[in-house]
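Please find the structures below.
One chain, subunit A, links the two complexes that follow: it is found with subunit B in the first and with subunit C in the second.
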Partner chain A sequence: MRNSNVKVKLNQRLQESFKHNSDFIQKSYQIGSTNIDIFYLSTITDTKMFYSDIIEPSVSQDSSKVFKNKLSATEGFSFKEQPTIEASVQDILRGHMVILSDQWAGVFDCTLYKTLPLTETKVEKTIVGPQTGFSEDIDININLIRHRYHNNGLKIKDVSPKDQTTKMRLKILYDDNKVAPDLLDKLYEEMQSIQKDKFFQTAEELNQRIIEKNKNIFPTIMISERPDRIAYNIYKGKVVVLVEGSPFALIIPSTFMDFFSSMSDFYQPYWVSRFLKILRYLGLAISTTLPAAYVGFTSYNPELFKVELALSIAGSRAPVPYPSFVEVFLMLIMMEMLTEASIRLPKTIGPTATTVGGLILGQAATEAGLVSNIMIIIVASVAISNFVIPINQMSFAMRLEKYYLLLLTAVTGLIGLIVGLMSIILYLTHLSSMGNPYFKLTFSETPNYLKKGTYK
Partner chain B sequence: MRRYFYYLILVNLFTNLVVYVPKILISHRYNGVLFSILIGTLLGLFLMYLFTSSMEKFPGRTQADIVSSHLPKWISSPYLFLVAILFFGTGYLILNAFIEVSKRFINPDMPNLVAAILFTSFVIAGAAVKSDRLLYFLEIILFFNLPLLLLVLVLAYINPFLSWDSIRTLIPQARFQISWESIGASCYTLLGFFYLATFNKFFSGKGSYLNWYRMILIGLLGLSIVLTSIVIPVGVAGIDGINSYVYPWISTTDSLQMEYGIIERVLFIFLFFHICISLIGATVSWHVSLDIFKAILPKIKFRQKNVTSYLVSFVFFVGVTTTSITLNIHQQLQIAKVYYISLIPASILSVALMYWIARRKRA
Partner chain C sequence: MKINTLFTSILMLILLSLTLTGCGFKDIDKRNFVLAVGIDPGEKEEYVKVNLKLAIPNAEKTKEVRDFTVITEEAKTIAEAVRIIKSRVDKEIDFGQLKTIILSEELLERDLQSVLDWFIRRRDIQQISYVALSKTDTINILQLSPKGEKIPSNNILLTFSTTGTKSSYVTTVQLYQLRRALVEKGTDPILPIIEIVQEKFRVNKLKIINGEKENMLDLTPEETKLFNSIFNEYKMGTIVIEGKLYFIVALDKMKTSYKLVTNTEKPYIKYDIIMKGFIEESETELKSESLPKYEKVTSKNMEKRVQNLFEKLQEAGVDPFGFGLRYRATHRGSKEEKMEKWNAIYPDIEFRVNVKAEITGTGIIE
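What follows is the complex of A and B.
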């Protein structure tokens, strides 16, 4: 490249294209009489060898010829006769280093793959599809996202909440061409308003800080550990927040339905994924309403069922000395204990606890006449169907809901169950996620946060 | 957002199945009820056309806002107050009917007061939600309930014990005599468009709510629902026998049976529909009522917060809970009759006023 004018232009346009990216590095060296500019993204480029083997000897000898020779002898380097802005941007996004000198231009392929500390996804498992989740290093996480989203619309910004004690590094990721500016403004505002002297160190805690004011029951911001989910959501115009040292990222805004989607929906045939989705909502319905419905049927409206079924339930309940509400409550609490215990227990003892708790306790409780056989079936199906919900946060929230319904039903019968269900739906529609509606029957293809300027 | 307008119409159509409308219509079955239904439906359609086309002239504004900016305050405030009372009346009648039903058919052990507190708290909470969120809620509830209603209707019409002879005896009774009660009751089923008084603020885009084929569709739907509401009870219980039921629809659905379901009695499916539609219907009408009250009542401050809507809600709450334990079903029915009769002049007046304001704006 003879014309240094082109070089200046390219330089400017590269900087313009990567503005708001805290990991974009531009450096200038004066070696001999030549000016050399290098451009790369620090998170996905391995620069160690470049600095120690090429820049250092060239600078110490102050010879641009040494620099050029050393470079052209290195594996992965190639000269570019006519460097275009698009090609250069793509190179940088793939982790290559773009080098511009007064006389020539070149690209050095020194992509950094950080794979060593990556582990399998632990919370959001899928059968097919990518298996690695985020690590606890924020740069590695950005590396993972960048390798899934090769587009220079992706912006990575540093933010720091005001007066925050731990001075954690926070990064906001979004696609500049997709996101609504109002959403960003609102998010910055929220970040600024995070209270002084509040200690937080993980994405989960940051999530709690943001929604703390409303004291929500349901998660209105999704936490994910899957790079593919994050990339997909960035593509959908959402904003992602990464926190240093946390293997989870926040997705803002989220809707209720997001919590029932699994990334494996994309990797399965259409009807299979539809079927799985229906299964999840069915699981939700069973796990929240079944205990309350049992109380309503047995204690208030046994005439609702066919006579045979009503009789078999009543027969199974014959030896139980207390009202159905107490029976359900006792068994549910035992089940919750079991669930909590199996999270804490070391892997080696885990199966023992479930065997003792699930099989022996259940068997003994029915034989002793403390609970009915049907109750054991109900508790088991509640426990199983609760874990069908793919996002952990939501399945925990739904664990709570069944007690609310149970209480209402115990006091007012089946009407209480229906009023309770309706009130949960009402509450869900009332919720917002960063100002966007949280629960609707249908979300249009271009939701509000995608239409620029219509954000409320 | 346009589709939400139809949900408002639908929810009002369905609430007529669950309040006193079938009872009132059936009590006039020897008294030219079919003719009254026809007149009532046509009247409702005509009012719907006038009202929606007037509201379209004011995109994104509520009725309270429009009326108070076009009329002097000494007319507009009492007028809006009356409108708000009428909206309150809709929810009030639905809730009281429902409290009675729940006591009789679902849970006889529950005292009226507990039922009143449970339902009224839900409805007040729902009425306090933001208007757009309430529309989303309405959509979801309708989504779950429409299949149920369809199931009940299909089961009712294919029921082998439905006596078409009894239904046929209705026809000779359709002489050209009318009763205000039954006109009011059947007109009421189409008055869902009045909810635009508040919800018009979301329909800000261009385009109209209705065109002629949509109007015909809504008219046919309304007519068929109102006719169904008397045809099925008469067909199942007989034209004379139906008079002995206080709740014609509930008793009718209790005679239906589903052989292959877990739940054998169709009554419970209808009751589920009944609960949902009653609660959502009352919620929507009280939301509108509360919205108008908020616009006309002075702002009462308590610790820098405007508590007017809380006070109004409290009055609503006390109104329902006290009457639910003091009035019996026959007194409630009397209130309902007075309400439906007063609804005809009130809605004609209200629509005429809006039409006049809209014309003056154009001029």
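What follows is the complex of A and C.
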């Protein structure tokens, strides 16, 4: 930048851009014969090193040459040949320092991150295995992944959706040797096409943007906070998307079965993990079908019960004034309220709410003759078995699913339950996750279509 | 906006339709479960008396749940009687849990098949219901609730099914078996007889019916036990050996097979029985060295007894083992022709019973 006019112009426009920002700092120094202007946002820029190691020695020696040399030798600094106003504003917003001298211009990357230390995983807990989850800083997250995946196949690419207001940094991670090129192409394409509602700030929201077009019930992209899961999935040839400021990463593509795997499956003995897996599917079956089955059995086909059970259900239902599905619906809604409430409540009050709701409400409802004893058992087992599903997204989807089955069964009996289950399976088979069949039952180590080059 | 209103109205329709439950929907507490049915001949000619034992559900767990009521109605057919009973109760009558059907012995004078027709046709009646015969009015059987019975009619059910007691005296006949034996030519139906003794049920006798020729044969308890051992290959039975030696063999294994030989001058049935067991009780000291001797005695004894049983059946002209069916299955010709031939053969057929008994031990460690 030979022309100091340009510098003055840039200076003015930068000041104008950040007019009402209290944290915007503009400083001028006279070092030797050169005028130097620096611009940054004090809240997101780490200036300590800059002042102590660069400005101070240069000013004391009063040499602009020392200043330039020192700067160019520092990591994170780069010269800009043609600094534009847009680029400079962007840099400042990223926490970089823009340095303008009479002869040259440069950008110094000294972003300040203020984050909490790494915390334990909150959503995907395991008993054994790694306990740390992602933080809200994308660079720390990449750091965590790199420390779990020491292979130069690991590629980290910057992508940015078109027309995004917040200009969040998105990074795509994959293993170059394992990933299917088609998958990457498709992902880039999807990223570019995210336009609707240009504001988003977390991985969860990005997930919603990607799958929004289909209005899915089931999650087709997994969100995880576990670095070990991410590393494993990269190894499996999947693509991971990290979003700045979000402690969750997207795993693309995901299958239905992925949502029933926990990382602890790898850390437990073979038969133990198999048993736990069976338990999860059992939990899925119970939590989705039990309320509907109760209605179907008690109101349409009580002959399927043994005599003892039939009479005991009939006895406990005797004081209940409403038909079975109203009873089930009432209790299920109550249970959903409890679940939602205990999520919102502070940790210290949470257990109280569950106790009050679960125990006292259930007991009182039976005593008042609003619901039968058997119903309480059913609602409790539905609620408990729903939480067996290790990935939250899926358990939320399944919470919804049971109402669909309940509705069908209430209207048409056990036939409705069977037709409903079939329709869910059909729907699942119809779904795809980024072009990858979603309801894939068997999972081979490295599926053919994921291997590089074989897809076409 | 337009789509939204359409969606809302569809949702409203669905929600409203929930209040209109059809006739398929009937809550379990609005049903009267029939646990047992008793059929008697009516007072009027050609009428039947139908007794339904209905359970009254009880919510209190601590109380002994034994509440039931028996409703009796007489009509020309069972279906009609049930229709009348329906008008007398407050809840829908449900036959889904019906497991016991008690028939009065006097009914056997009529056409049993027409009596059973209603049970066969009703889709809500389980074909695995147990059928038994009562010498007295069936209402007595239905009204008896033995001490310790937690669920009405459960006592009979446990007696007949193998979930409860297992006894070689109890013959189990289910509805489908009875009908099959009734309809099929060449095999005759059997029915256990249920009695009340000292406020308890007793099932240790058997009646064999031959629908066509109206031959009937009552077996004594001892014969019933032997019949069950051979007919059902009942493994838990015991065999009492009397004579010079007295001991009881508890069976572990019972296997039977027979050959029907009709192409010789004198047709015969070669009946082979292989049994295995140990000695459960004895009056004299038994030595394990002489087990072969006991085996021989047991075989001889059994052979004689089985022979006697077969001959008794033959004499009465009943064929519960289905020898005639075997004949039909292994010979050519039309159904009537074969049955005619068989009816000529059966009274004179010879039984050659061959028992191979194996006794594994005297039951005592020496």
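Here is the rule we go by: the second predicted complex is superposed on the first by the 327 of 456 C-alpha atoms of A that agree within 3 Å, B and C clash if a C-alpha of one lies under 4 Å from a C-alpha of the other, contacts with A are read in each partner's own complex, and residues count from 1 in each chain.
Everything that follows uses one rule, which is that contacts are C-beta pairs under 8 Å (C-beta built on N, C-alpha and C of every residue); 3 or more make two chains touch, one makes a residue touch a chain.
If you're wondering where the values come from, they're calculated on a predicted model, not measured in any experiment.
Once the two complexes are overlaid on the shared chain, A:313 sits against subunit C while remaining clear of subunit B. When both complexes are overlaid on chain A, the residue A:73 reaches neither subunit B nor subunit C. Using the contact criterion defined above for the overlaid structures, shared-chain residue A:368 touches neither subunit B nor subunit C, since it reaches no partner.
Of the two partner chains placed by the overlay, subunit B and subunit C both lie in contact with A:300. Applying the stated contact rule after C-alpha superposition, one finds that A:410 touches subunit C and leaves subunit B untouched. Shared-chain residue A:423: touches subunit B; no touch with subunit C. Once chain A of one complex is fitted onto chain A of the other, the partner contacts of A:440 are limited to subunit B, with no touch recorded for subunit C. When the two complexes are overlaid on their common chain A, residue A:343 makes contact with neither subunit B nor subunit C.
Common to the subunit B and subunit C interfaces on subunit A are residues 300-301, 303, 305, 411-413.
Note for the complex: subunit A touches subunit C at residues 298-303, 305, 307-308, 310-320, 323-325, 407, 410-413. Remark: subunit A residues 300-301, 303-306, 309, 411-416, 418-419, 422-423, 425-426, 429-430, 437, 439-441 touch subunit B in the complex. Residue ranges of subunit C in contact with subunit A, taken from their complex: 14, 17-18, 21, 24-29, 31, 33, 35, 55, 57-61, 65, 94, 96-97, 99, 124, 126, 150-151, 154, 157.
By the touch rule above, subunit B contacts subunit A in their complex via residues 102, 106-107, 109-110, 114-115, 118-119, 122, 125-126, 129-130, 132-134, 136-137, 139-141, 143, 262-265, 268, 272, 275-276, 279-280.
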